[in-house]
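Look for chain A in each of the two complexes below; its partner is chain B in the first and chain C in the second.
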Partner chain A sequence: MRALTLVVMLALVLGGARDVEPAESPAVLLERAHQAYRQGRFPDALDAARRAAQGAPRSRDALLARGTMAEFMGEFDEAARAYGDAIALAPNDPALHYALASLAVRLGDYDRALRELDTIFKSQPWPAQLLFRYAPASVQKRLMATNRVLAQLVQLQVDILMEKGDLGAARQTAWRYAIVEPGRDYCGESKGPDASRVSRDERFTRLRLATLAQPTAGDCIWWYGQYLTDDGYMRLGRLIVTEALKHGDSEERKQPGYRYVRSRLAGGSEVPKRAESLFLAARQRYLRDGDVDGAERLLDEALRVAPSFVRPYTMKARIAQDAGNPDAALQWLRRGLEADPDSWRTLHNLGRSLLELERWEESERALVKAVQLFPEDMEGRLRLARALYAQGKFDRYAAETRNAIQIARGWSRGSAVAGAATFLEKFDRWGPGAAPPPAPDVEPLLGYGQD
Partner chain B sequence: MRRLLALLGIAAVAALATPAHALEVYRWIEGATVVYSDQPPQSGGVVLTSLPGREPLPVVIAPDAPPADAPPVEAAPAETAAVPPPPEPDVIVRAGSATVDEILELSGMRPQLPGIVRALGAEYLPPAGQLSEHDTALIGQIVARHFAPARLYAIIRDDFRRRVDQKGLDSMAVWFRSPIGRRITALEIAASRPEVAPKIGAFAAGLKTSPAPASRLELVQRLDWVTGTSHEATELGLSIAGSVARAAAASAPAERRARVGLVERRVEEMRGQMAALVGQNVLAQMLYIYGPLSDAELKEYVDFLASPPGRAYGRTAHNALLHVVREVADRTALEVLRAVPPQRWVSAQKAAGATAPR
Partner chain C sequence: MGQAVSIYGLSRRGRAPLFIGIAILIVGVGLFAVSLAPTLRGAACGVLGRVGIDRVTPGCAAAARARLAIAAGQAAVVRNSHRAALAHFRAAVAAAPDSADAQLARGETAEILGEYGEARAAYGRARALSGSFEATLGEGELAARIGDVETAVRLLATATPPRRRSATFAFFGGAATMISCAADQWPDPSALWRECVPATRRAGHRFFIASRNAAAQIAFRSLVEDGQRERALAYARDHGWLALSSDWCGGESAFDFETTGALAVLAHPDRAGCAAEHGIRAADLGRVRMARFLLQHALATPLDPSIRARVEHTLRYGLPEHDVPKLAESLYRTASRLDWVYRQPTEEIGVCHKVIAADPRLSWPYHVIGRDHMLRGDHRGALPWLEKALEVGPRDLKALYNYAVTLEWLDRREEAIAAYQKVLAVEPDNAKVHASLGMAFDRLGRHDQARQQMELALQLDPRQREARDYFNHQFGRDARGGPTAFTAR
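== the complex of A and B ==
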């Protein structure tokens, strides 16, 4: 009886304590959301923004913050609702329409995005509208410098045109609105002496401008496509790489490009933009935030939207591997290969996982195909060499290792394979040894990393 | 034979402390079998040996080995000549088919196992004074229970039995029963004594100013190649490090717990650095241990280890030892950190400014 009384008392006290706890104001929560975002605590930022919007459902700022944070975290439906609610409160606010347009691009709803841009345009003063429509490029440059809304609008318009596959219109827009300058060698700048010193983002930007400004700069367009592919932009990546292939001088020289599309960009099949964006957000949530549940939920959604999109499978495999569940990882990789049998990354990772489990023959099969699809896969070749060595296939071990070392030295990665080279020298001198050959991680080439 | 080298490799990496507890192993004969146990025989049979005495098991028949202090054919470097030869084993002779026990005895695996086990187990022990006496004793008990040589020996022996047939044992025995084979095992056992460790350290330091002859270096490099000693020592070290990392991760609160696969990756990242360190030390130790041998004798040894029976022995011994250590390591680490949670190590470390649990 006394115990029951105590339980009731505790419930009352604790319940009361919760009731008297001072409620945080939406303004405080909003500031907290922004602060968390600035500090890179993105899940906290979203949580605070949600609470701010719930506390102040008619606050434009709170709704915009909720939409922005939700979009950033891959909660696209939540973001769309928040932007929609905000626009209902402030229909002429260009920032809200821009946010919605940007989200629509992320989800591949380009018509919706263009409608939002149209609304933004009409919200501008009429002199600006006139100048935007009719002034020459020299005037547009000044207009863009003074009118941030229009400058953003043009950038998004270029993105939309590129993603829709109309690179010609995107280039015209870039010229017309002075995003690119005539006569400037953007491609040369991206390869210039300071190229190795600039950040990856800066290099990415230079290559984008080169693609827009210099239609014949095949190598820069090719690199831009590879950057996009590495970052997970499947749709734009495939469009740009395909564009680069137009500049190859012979069918033979185009073969690596075709192989690249096949092995890295899902061949000819189109990946829905929503699935691509879900994957990108999921990867960030897992790698950046350590949010396993959130990442898995987004990946599951991506697979529902696009069951043949291979990257969510490899990401699920990685999560399973990190959780110490190699069997589940293998299952995800195999499912990925059912979806896309020519995915180099999936084969490479499968070979690696099987190698760690000492399943030599299966590992060999996966890695043989991986290096066929990407002959400069140094790491894959060294792992294949290890699988061969373990099976006593010493001649092929030596051949694969020699190949990998030669490729690595050609790509300034000799130090990464130094151990493998030393091992091979000993093998040549003394025959097979007791220890397995090293299979080090080797920094991947452009276009084959990040996943 | 090469178990000694694995042990030394580990020791070089971790600068091991010797645990306070003694490890007793009893051996006796039941019928045709040599039995090892940490308990004396209940049958009241005759106990042959009690470890840690390191006397080799009196099982083997072979022509008498030459005295271990016999002069080598070629003069050895002065630094290595001081290796004290072990006393000649008091063997009981038995001809005919070889047994697993005999091979493990003659190869030095059995006599050196308590030392290996002690060194590996010491990896879990705190530096002196870091933890309370109670905690230190608790950890010592856990380690002693898991790293019990008799139990580990039994597992290794069973593993050997499963993997090697009679023909394989007989072909291994040809070398291990030979005078040169026995002499080399004696050298390895002698070098595994704790009191020899400082001499090996001094010898290794001396190599910087007076390096080994190229021909000898080539031989020990090949020895390491055919035995995979450096690799094995690295694997053992990583097994211990990994067990502690996994147990520490498992003992963290759920919301701050590192994922198992990520822990494995972190441990794997240690491999390169550890392998380089181990590799250097193993070569120095080999130069020391085999210093009393002539190049011709050492080459004979290397040739045996590169031969099918030698490789079979090495492979089986490697797998057996690694398998047993991996199995025991995880259980030990979990139990140690359950008994003395990481917070206690950390707070004790902060208080004393000592090093973290190894």
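== the complex of A and C ==
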């Protein structure tokens, strides 16, 4: 009997041991979060960071990790709560102040961001503060070279001032802290013979420096604005393109710029920064992380904040299209056009979707307007040509195709339209055939890509 | 009085005796210089050279020509034209065979260019003429490079630098440490005293010891590489190195990493595992013999599983399967230096052909020649060299990778993919190869597989540039990385 009791007790103990696995410690979860983050598994990283912070609600590291990862994923309210809890635990922690500054920039609270940066500067050792405040630019250059944290903070400060709309103060700060050097032709460097060999990032950096150092370098400022717009920074893109339009020659030469503001920057109307940041995070969550639900939630939030911001509509349409629901995609694109009737990208995508559904007339209407807004839209012209060809409007088909080929050759994209050129040659010789003309993807020009 | 101090004030008649006097003086000094021993003559001509009359002094004219040729050679070295410099130094030696400076310069430049025979002869002559530390070190080191261990040990035993030179070396080493430390610690003045001063003192001491033992380290490594383990240990003991540190596995060492690793293996054989990293580094640098010595001893001791795997991998794939003659190993390193340090690919290829002559079974020089063709865009020319490299060294993963890249350039994409996959079968954690395979899939239109490989590459190395560029091109810059467009980059 005693033996039986012992067996039963052992079974209970062992069974119990199997059922109750040791809980993962916050430290382990935190390490897992960091590892997942380093490896680019961001949803896993945020999940682990959340659990770590829940397990250790008074751990500065866990709260900071949760905040950072939530901010990265576009979960801004969650990030604000985590940072708030963390700063209550460690009010003088520079890393937390930096995190708060970063979040404030994403939410458009630029004054708050500048205050947080100032708090960090004040937390530096006094010799550094003394030099930082009073040393001449030649000393600042060395100071920035030896103190990377300080250099990063100054760069962020310059960006914030630019985004706030105070380009003058941004330029002054850039001079003061030797980010730009007097007499150096940054704009020339970004256009020089080696410019085509440098990476996109390097070119972006050169154009940014040109914008800061050379207020009259209208063409470089204009390109910088286009880079920003491509990357989805609507607010700064608008400010910089508008700045570029203050320079240059005649009103006639500025027409493409005005057209750009109209067709790519919502006519110059302001997009709330929070909506822009939500869209930027959502786009990457969908494309890179494959997180459809998370992306859609952020896009919905962006549309709640800014119903007239067109890019979330286009993105929603893309998600619907990828999910095999073209009708929903069309609906989203139409809603986008209600919000911004002159959005070139929305019109271009609508025309493309309608073309795939062989709704030729509707496609033609959308694409005609798209190429009016952006005459160098090679891809749009070739698709328009296809819609025209399908309707038997052969003269206009030939004219649009010739236009597209000429533009493509002028922009070194001749190889992309080679098929269309061959088709046109055959058409010219023998007339229309049974197969439709090709409508290839053509790498877009600067300022018209990435969305 | 004016006539006494200035010849310019003299009449034409008055100048003649003065010029005759100067000519007699020059001839007299010249004859005297000719009669002197070479070393003294060099010094005498040097003095005359300072006042610019050595070229017209009999007995010093050759030395003057040599001096000019040496200067031209040095200028060529500064211009990174070592072949032209060698021609100048040869001319200097031809003009003044007794000039130790010319011989030494010729030896150093010939060694850089892989002309070991010429270098050894020049160093030997320089040593015979001057007995200087540099000449002895040069000749001893070269003997070690070609595998003449006994000569190396004998010569290097006598090569100790002047104490003042070691002190200068120590001063500059300490100063560099102070500057580097101060750059980090300057905001906190007390840390300058607390951290930087002791670090400077320690660094100065280390540099001094390293300088005093520079030649002895070469001899020691030669003995180790030659398999004379007991003799190497005795050599280290005789030089007092074993007393310098009780633990060669940890702490700061005054010696280079190979000597430190070998001392760790010899002094603490039961803890030879600590030399594993040194061995892997030596293998990366092409030090075949030293790497094999360190890695094999490390493998014989208990090791962390991940380090053991790396050691085994390096022994199997990072080193040739056969014993490489010392001459071939040294020539290969000379070729590498010509590429990485001097950026002289043509000279590098010339030396690679010498490596092939010294050891036709070593795959590395074939690979280097193939890579050179690749860099010049001659992928068709690269292919046979890479095939040869893989024929003699089928485990040469670097050659296999470049073979795959070359196949891709030649539009043989399926074969390229197969070659990349072979590399990945051995090195599944190589992010660069995953990215290259991803690009190959992408070019073939196999986009899902491309993305899969790129994701793997980024998981293994979040900074892998090709994979990052791929995703940035596909999806735009990831704006989540920073609060602004610039900081996100």
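Convention: the second predicted complex is superposed on the first by the 426 of 451 C-alpha atoms of A that agree within 3 Å, B and C clash if a C-alpha of one lies under 4 Å from a C-alpha of the other, contacts with A are read in each partner's own complex, and residues count from 1 in each chain.
Please note the rule applied: a residue touches a chain if its C-beta (ideal position, glycine included) is under 8 Å from a C-beta of that chain, and two chains touch if they have at least 3 such contacts.
This is a predicted model, so every value here is computed, not measured.
Peer 1: Between chain B and chain C, positioned on chain A by superposition, is the outcome a clash or a fit?
Peer 2: When both complexes are placed onto chain A, chain B and chain C end up side by side without any clash.
Peer 1: After superposition on the shared chain, which partner residues are touched by A:A323: those of chain B (first), chain C (second), both, or neither?
Peer 2: A:A323 contacts chain B only, not chain C.
Peer 1: With both complexes superposed on chain A, which partner does A:Q39 reach: first (chain B), second (chain C), both or neither?
Peer 2: second
Peer 1: Check the residue A:F121 against both partner chains and state whether it touches chain B (first), chain C (second), both, or neither.
Peer 2: Touch partners of A:F121: none, neither chain B nor chain C.
Peer 1: Report for A:A435: first if it touches chain B alone, second if chain C alone, otherwise both or neither.
Peer 2: In the superposition, A:A435 contacts chain B only.
Peer 1: Going by the contact rule set out at the top, does A:K426 touch chain B (first), chain C (second), both, or neither?
Peer 2: In the superposition, A:K426 contacts chain B only.
Peer 1: When both complexes are superposed, which of chain B and chain C contacts more residues belonging to chain A?
Peer 2: C
Peer 1: Identify the partner contact of A:Y260: answer first if only chain B is touched, second if only chain C is, both if each is, neither if none is.
Peer 2: In the superposition, A:Y260 touches no partner, neither chain B nor chain C.
Peer 1: Given the touch rule stated above, what does A:Y397 touch, chain B (first), chain C (second), both, or neither?
Peer 2: Touch status of A:Y397: no partner.
Peer 1: For the superposed model, what is the least distance in angstrom between any CA atom of chain B and any CA atom of chain C?
Peer 2: Nearest C-alpha pair, chain B versus chain C: 7 Å apart.
Peer 1: List the residues on chain A that touch chain B in their complex, please.
Peer 2: 292, 320-325, 419, 426, 430-431, 433-436, 440
Peer 1: Within their complex, state which residues of chain C touch chain A.
Peer 2: 183-184, 186-189, 455, 458-459, 462, 469, 471-472, 474-487, 489
Peer 1: Write out the stretch or stretches of chain A touching chain C in their complex.
Peer 2: Contact set of chain A toward chain C: 38-41, 72-74, 101-103, 105-106, 113, 124-128, 146, 152, 155-156, 159-160, 163, 199-201, 204-205, 208, 227-228, 230-233, 236, 280-281, 283-284, 287-288, 449-451.
Peer 1: Taking the touch rule as given, give the residues of chain B at its contact with chain A in the complex, in rising order.
Peer 2: 221-222, 225-228, 230-232, 259-262, 264-265, 272, 306, 311, 314-315, 318
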